[in-house]
């Protein structure tokens, strides 16, 4: 019997390597328990895999083919519904395993809170870690209505662990007054509204540094990514986000892992959010990992 | 690391047993290559699994729990795009394996043509096989524009293998004139338009006989199942199909396997077709298998 | 060059006869200018033709085939936007032509006001005309905010022309208090809420009488026909409306024409309203016309 | 300046009386914080009001007009996001006020948990209170993953306050095994799967007793009400629920209040759930309150 | 009892001031009676308020918070269905009241005709009034099929009242030949196809002049605003419209009022049109009013 | 009787000339038999005509009116389902007829394979033919799973007939590695990712040469054209495609025909793809034909 993994959308296209043999591991984190407005990102990883069936395995942007990388789609983590702390513990422990095994991790959310334990594990491993954060929202709250574990807080946490000066935010166009105040006064590398231009300027600064990249799909305008929980008008296009991903990949930064979060398919019947997300992930798989 | 199968919709809820230990095997056949009007059923198995997350594991109709059966969701078969013959060969071979291993098979389509090799394998194993066919369409063509392998022909094939008098059709309300002529003159047990009433009458005749059950979701009215390729007005309700499934399960027939086909999620944004289909499958898992 | 009319949805399936040779003429009246709440029925005729591509030409209910009738789909009338009076004049004149040429007319709306000039022309030709009206709404207003030409008034008009005792309404479940008062006191044959049962009782009374049948798709529950301007919960199923159409066809009444109105496709993405409507029209073509 | 309340969907049609002069008060409880699967019912009250614009004010079922009752749509309660306890306190306090002022309350959810404080306040006022519960789900859990305040628990709570023998459940077709066990052994009046028939049988028992009626929209089949968080196949039709509402109104029971909950508009683009819900509420306003 | 206005979407977020204390008044004009193609904008104001719940109250573009302005959401005007003249009279009278009370008005449509009486009242108060008009359509017809009161005529009217040289149109990409001829020969400040660049050039000319701003949402490309009656391909992005709003606010013009019209939610299931519109309105509230 | 062609969406707006008198012929090719992923473009021509009702007949970009050209919408070709070879033969024969009759052809797909026989006929007539190809995909395969007649091969065929150096591709962003290799080494004029800039550079080279233009709607980003079979993120905007069409029309090239393909309406409920496509076709009708 030959039960297919790839065809039926159970793994992302081109996943042909076992975990042991893989250099890169793709994995889903189907969690949205702390989302206040419009949940649904728990269905993101599955639908992104399903949409990947419509992609070519070859990237003409990078002139590379998924056969050129050894990668393994490990599936989705089992995260206990309604229990953020336990969920984060599982993600952190998984991440420690990946790092121990020298795997390049690419995570698919789920809500943005999933990046918290990943960045925490990364910060433990890489002393001089920098974070590139591309998002419509600051995600810089200390808490949300008293709750620290929220999809509004992970970047604030990253600032605490690695210092605000090592966090580089791009494209942000929404947040509370206090968050913007923090962003502008804490020493963060904060580049609101735009992505491409400031990124071009900043990337040389990150030469040879270990960099983790976290991308919230809502940095795109709702025209390009309606399938997300907190769609915010005035964003960038898919083309611009592709450019940003390519710029990061072509830069001299030593990328150590990445994630793409907040795809919530229910709000997008044309499935263009998942279609775009699957392309971004293909480009990340092909363009991000390299020798230091 | 604990990667979850069930939660992320990769397996149908309640699948906790390995293939070896299981009595019942659930499997998908994501194929729609011969569909002329509105394809899309290749995405059926995946979305039905996804929808199963919203179900309870307990059936109050049967007072049984999915923990009460040992079953394994084997995933989807790898069927080669655009090659019906090869796809059917794979299904047939898989089915032979299941029967050799004494597994009770429940298949999820995909187009109705997938039932062809299953019924063929069943007919080889059970000499006195009967087929219960619940569908909006006759599926009795000898060919479709010259092509024998079509989603319009499987029931005609079954008639040829096991004799029309052993095929019991219910709920049919569409087909070509020639198909209805055949249905009415060949000796078939043909009960168009209605399901519940004729089924009640017929089931006693099938006492202790091996019976394969094939259900096309389009027997439901489009109000209940818009997500299908050839929606046909004037069908039955979800409640009536549940009753039919329960009647079959409660009858004295010796059910040997079953399938549910033609769920095409793209035409149904409210996802009610997949939601209903996942419930039908739960009831089939809980109600169909029994000792002879 | 062979430009196809039928395939591309430009004519209803099975239209193979010229106007001159046809016994029955199908025609669209794409008008919705007087609709206050949710317009869109002007797109009804086109989408119903498009949906007819998915139908079989054979009706197993009637054991008849569209090849058995000589009919011509004349396309849509050119009705001037925003000018109800002129539009009605055109319809009336067209109808007079059809009747002169001894054609059996089946009209597709458009809003219900299009039935007004048809019934008027019919009443001129047939002295003892009766009207069967199947609808969720009374349509018995004398005017709508002062306007006589409204989709709320055509049945009242019919009562005036042929006498309320010759108007038979079925399935009505919404209207103003004054309309229900009129329906119940004027002598009308008024059978609210239900269709099948009262129709069975009434049809013998219409033996050999000339009868015009006007069906508003919103008699169906919104579950079956969401694509309509004033969807009203609590309606009948597609199966029940099929039964009603078949009962009328099988009765001894001398049916002289019919229409189906108020399909507004924009509110129904699964297209089930147009799919159902195309089936109703096939059954009307096959079942309504007969020699007196 | 004349700012309109009714037309723009800000109040339910026909609300013309001030709170002080009203006999009946309609109010919304836009809360969905404890919903695990598909939230969204917080938008229910607003969309039901919006849909009411398409209704007539006259009910032909009851031959009554909204002008015949003095009622006031008080708008939506301000419920603090993410704080179920505080939200329930506010509802309970509001309910106490309504009862003190001798208003007949009709509440619109929101999730089913909103019925908890209402039933609590009712039980305090009416010693011999009975509850009629129409729902697809048992809602009989003692807690949901340890949390007592959940949309799965309110009917269990009602059983504790007024005794299970005074709770009458109809139409339930989903729940955990333990819930069904409780329902069947605790002394509850439990009538699963069906609504109309058992209700007819039971209503005479409730003659002259104070009865609170709580209706979860998901008792309808997803064909009729896709816009709800936990749609469950195999339900009843809108017509049957209308019949149930009318039966209750026509019975000798002394109805003291009612609610309709769990309309989540985002899952229903045709808006048929809100359209149906607005009609149910009109019939409840017209049919439920009467002198003892 | 604390019935909430803001939370349930009944008022735009941040409306905390009474009419009397407010400097700025927000109000809806739910009218679409003259729309020929695809009505539905009467539901615009309500859905924009509903979408505002998802916004932050702080604008990082302007570094201002809704708490920094005293504003009152007055709700929707009661406009009589199907009576444009009466509706316009009501709007005009309301506007006169606002101007008398020294309120800065921001109106939400409804169809573009609602801007007519507002501009008329403005022209009476401010002798040297200029109008900034951002739209996909010219709206310069003298009449539509003989009807002067049409959503195609308001800008022509403005030209007549204040002189074409005081009307500044941007972004127009559709209209009749005669309208473009008028636009190009009458002396109007007509800048078709583009918004940002010509606006930058023109704004200095408007220094210290009283300026009324009217924005039709269809200036956006349908990718950004599918929810509108006459979507026209080839438009600008949400980002560009935000820039335009900010440019106007930052210019030396003395803005005296503004409106945003033609949001028709039914054509946009992802609700991105209302989501974008609510953000534009927040920026207008925060950025437009200032001392002369 | 006056049955309207244009109003009811049966012909594209402004078609007023008979075939004989027309200079330009518009025609549909409703074929999608070779589409592997998401079929549906067979419904493209009909929906584009329907959407054209919402357009003005005047183009402000070109200052031309549809009355200024004599054109005839010939309707859709009758193409036999599932038979690509026969379908292509019919198209080729039709095209030969058009060329013999000196008509300027504008074709509407259907899948991209329909361009194959058109280009073949064109290449026969014009020795020095050049092709401008605007598309998201290379369409340069020699075959698709062994099948030469595929929507992935037509541009490869064109290269074979007229030489790769005479094929000018713009905007391509997806394909197989081998296709890109061919594109880059065969001598093709291959300009991936961008459209406007390279087109500006290239057009002077085509001065006075006969040029056929084939546009695949998926060159647009899915934000602008979700209604297509293989939507590919990272595309251009509607505005950029309009610019490209205008640049081609304004260039000195001698355009001899054009097509627009791959609109598949089912994936786009807001109908923005058809709305945009109808505008592109209006601009092609007005801007492409001219004397040599």
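Going in written order, the chains are labelled A, B, C, D, E and F, and every chain counts its residues from 1.
As a working rule, a residue touches a chain if its C-beta (ideal position, glycine included) is under 8 Å from a C-beta of that chain, and two chains touch if they have at least 3 such contacts.
As the structure is a computational prediction, the values presented were derived from the model and not from experiment.
Chains making contact with subunit A as well as with subunit B: D, F. At the interface between subunit C and subunit D, under half of the residue numbers involved are used by both copies, so each side presents largely different positions.
Centre-to-centre, using mean CA coordinates, subunit D is 40 Å away from subunit E. Distance from the subunit A centre to the subunit C centre is 56 Å, each centre being the mean of its Cα atoms. With centres set at the average Cα position, the gap from subunit B to subunit F is 42 Å. Shared interface positions of subunit E, i.e. residues touching 2 or more other chains, are given as 38, 81, 221, 223, 237, 267, 269. A complete list of chain pairs in contact reads A-B, A-D, A-E, A-F, B-C, B-D, B-F, C-D, C-E, C-F, D-E, E-F. For subunit E in complex with subunit F, the touching residues are 37-38, 172-177, 180, 192-193, 221-223, 226-227, 230-237, 267-269. Considering their complex, residues 1-5, 7-10, 27-28, 30, 43, 45-46, 50, 74-79, 81, 90, 93-94, 97, 269 of subunit A touch subunit B. Residues 36, 38-40, 81-82, 145, 266-267 of subunit E touch subunit C in their complex. Subunit A contributes residues 53-56, 58, 60-61, 63, 65, 221, 223-224, 237-239, 242, 269-272, 275-276, 279-280 to its touches with subunit F in the complex.
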